[in-house]
């Protein structure tokens, strides 16, 4: 950690700061500049927060040096992680193509959609049984009935299934039916929920929060990893911005950014990122070209009848066309889609 | 709702759209302009989402008209709500001055801080027993022991207490000890938690999420209100922005903005908003001048020894000085501080 | 335009609003809903601003319908525009690969860089002679000497050249030396400068401002087009965001977003967007996969000696490797790189 | 400056870095930690950009220590600056109350508005003769005719006048008529324009750009100050954000934030910040309570007939009411309004 002192810090304050640095187990290295003193504090940054230093009289700024995550970091785990979800692999050269409707609605739709996406080449089926809706008056999902339906349809078409868990009390139930647990963007910093899925051994799809930095996302992954569950896949799905013509702003640079500092697989969700079917295929292609380990796309056979987020879904025919491009890009970048 | 059609919408598409509008219970009023047709759809917007219209072929844009919240709205509840927290009132001319440390740490600190803030004029004591921390390696709070301590100190000094609840499974426990339940910014859209506190009758302090719009905040309040709990106080605490010199960006305009459309009390938290003690007093004064129903300030007797967020706390002496200004402003704007 | 009236709008106010709508040449179509009245105002939205309606007593909200740009719009100009810069074409299936140093520094560097990028396949040389620098104490560019040098090196290697113009008084000078005029992000809404380059017939590379929406960017293009200069190429280069690990946030979805509503070519600048050479190649590949008409990359033979923005430049060897991928992607998406 | 090296930096790289630090005139102080080395580089940060260090192989991060502005800084100029605009003073306990229409439109309106604001207590008249408009089809201002009218009306009512200058070529003309030159938000980083007004001795009202940090704003002030013009007043007017119900997000914390590090006066413009007359009075009061040296409010006698930004203007009666509160707050905070 680096402590930048105020230009007017007194010798007594500096003495007190040096004492405090030693007291918490760091070794201080003061450097006296023309205008101000800085102090290098060498020790284990992950055990102490910068906060205790920031509050010391005479300290202007505290600059942390070490990355605050460990298990998610590539420094200790050089090779790409591969996460297995049923028969599907994500990461380390394996592309996860996750598709399906926003919400599980009924058997007829699920069956048709699953059949179509399987044929087009998707290797994971998604569908929400518990839906986080901004309004309490919107459709909230079918609950356990939806989970059973999703499981049945996944088995019928040979597709592992992923679905969202919104509350600590639902983890056991969802764990029973799903092959992968999704933590939604709004729950990325629901730390009790992260701890709870960290106690399972199910693969977790962790979506980036709408105002989360890349570092925040990796810290949330660290919560799950430190619980003992190493099967974490990260998902970039856009952040809040001032641009009003898309639902969120897809931060595609986060893909190489994360992969440079973490071994965890990263996939991209252009459906929630843009909210616009006319932009989804281009962003899905861009995701693979940027090095993503997979793509998450909403597909619905009848968007205007969908009970949740219909307009951001691709039609099965559009998904077919997209998968042709995705396969070409996978070949070009030596990725397997199994 | 207003449907704006694409310039190239075909007569068949328009026919299909008009049918769909009627089918979901709305009355359509088409207006044919030079370049495109728009359709006014009159009916109850709160029951249908714009999504089903957006997905119709030929529709370019759907513009909702009615506000999507009802119970939180001033349209149906003209007068300011007053929320009673123990002996303290917030809203309708009553200022809530909430102060205390970030986390409940030990009896000695709590007792000293509570004594000082009470004497300075605060009327609610805060302190976290369950702490949402970005890192799994940071101090996570004292749990039930912290709740008991907070209760004891609050009673000793005659201050009602508010503390955060982070998980649905904690609601019953926290409800037993606290006079007011705080929903933190990271949980503003943890809808299961909102529903759960909506089932209690305890006052709820609902903090704005870091990427939440004013409308999002009011929709989250609606979750609690629609559960039957009408004791909701909103809290502006800053949002994420590109400005790097403050922790968040305090959106003080949200105070008159919310008060114009909702009857719920709104308070301001300049501690989390700025993260800088040198800015907190100015922002607390500004909050009262902007019409806020209260202020939420972290106070600690020894910030450098605090286990959580020490540097953003005011010292008791600084809080004393602030309260002198707050009282003057309260007088000037005819607010009571009881 | 749609006027949404307040729930408490009086009959007299409504009468006054209807009169005003007619007075400014629109035809009003009132629709009376259960809670409030809305008025469709049919006419030419591009001639009247919503402002005059917004100020009318009784009006709550004004929703514009028509897009406020015309010449930039695909509605009136269906086919993709192709902009010719010297012998290079951008748009309509032609990829513009713009490369070079941030600033023109000296003959030796320029010659080496130009030789290398030409060999790798770039078809436009960039380099700044007038530099917009945040600090008045930073290197401000070589001025006319830099322009002459850029011109000479471009001619030697058979590469048309693009360089920034920062001030209306520089337009004539820069126009004399350059094949394409660049308007930087900080000047995207320097309207006098836009008008001035609109008076030339030189191709203009218009960069998106750091807080500009896609619509703002198209409106700025409209300034140039309405001056009579139809040779405009747009450039996505990232916007300001809360993410601190990259210089800006690259909004790659703006590429298909713009191309859906405008005929103008769009290129992407991953150098300024990310500020990190480790992310630039991935974002350049993603740009082409997203449908961009070109890429703008900084290349420097000796970044640590560069006088401006050295660290965001690729080394010539890195650019060689990138161009191999770009060629493959160009083939895959049927783009020509001439 | 602090250089944080990569964990895998080689001894040869470290040697090269130390050499480079010395070569550019800094003294290096290496500190070897368990995982990585950091190097304190002591010297004059304002002369060298972090860029040249960032590009060195083995460097992960460069952390600047000294503030990059000097003349704007309180470190070298402890006392508050007072800027005199005609007979009006801003800063150092003097409140500048700037009011008037968005654009100068005609004699009748200007005269009525000026009379009313003067009577209410404003001490500076504003009005635009050159208008930066997003659309080329919107009213662009009356030009010199507007300047003459503004001057005449200001003189008649004994009010100094401030008006915007948008282009280097207009500086001389505007300087001839106005008492204070306004640099608009869109031109905050139009560096040629900043240099040009830095050559005059007229007071400059420098508005914060929509995506500018506080540091960026102070750097732009430094451009003017370093030209020899020390009469700079800063203006907070909101930044771009995701909140859609206000035009911009007013960052009121910037007021104490700037005043802590700079001696320059800071005023607040709630009209452009919110775009909503129902929020302007609350934000104007909050500004004074936050310590601002003045407020900038649009006032129009007939907003629905205004040719530019009508709906964000207060009516004269609303301004009267606001001024009563402002006077009380000025008294309370010991500010003079002359």
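As written, the chain order gives the labels A, B, C and D, with residue 1 at the start of each chain.
Following the convention adopted for this analysis, a residue touches a chain if its C-beta (ideal position, glycine included) is under 8 Å from a C-beta of that chain, and two chains touch if they have at least 3 such contacts.
Note that the structure is predicted; figures quoted are calculated from it, not measured.
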Path length in steps (a step moves to a chain that is touched) from chain B to chain C: 1
Far-end chain from chain D, centres as C-alpha averages: A
Averaged-CA centre spacing for the pair chain D and chain A, given as whole angstrom: 38
Distance between chain centroids, defined by C-alpha means - chain A, chain C (Å): 31
CA centroid of chain C to CA centroid of chain D, Å: 26
Multi-chain contact residues (two or more partners), chain A: 211, 239-242, 244
Chain A residues touching chain C - in the complex, by the definition given at the top: 211, 213-215, 239, 241-246, 249-257, 260, 270, 273-274, 276, 278-279, 282-283, 285-291, 328-329, 332
Interfacial residue positions of chain A with respect to chain B in the complex: 20, 46-47, 49, 51-56, 68-69, 132-138, 166-170, 186-187, 189-193, 195, 209-211, 216, 219, 222-223, 226, 239-240, 303-306, 308-311, 313
For the chain A and chain D complex, residues of the former touching the latter: 2, 4, 7, 29, 31-36, 38, 40, 42, 44, 63, 65-66, 75, 240-242, 244
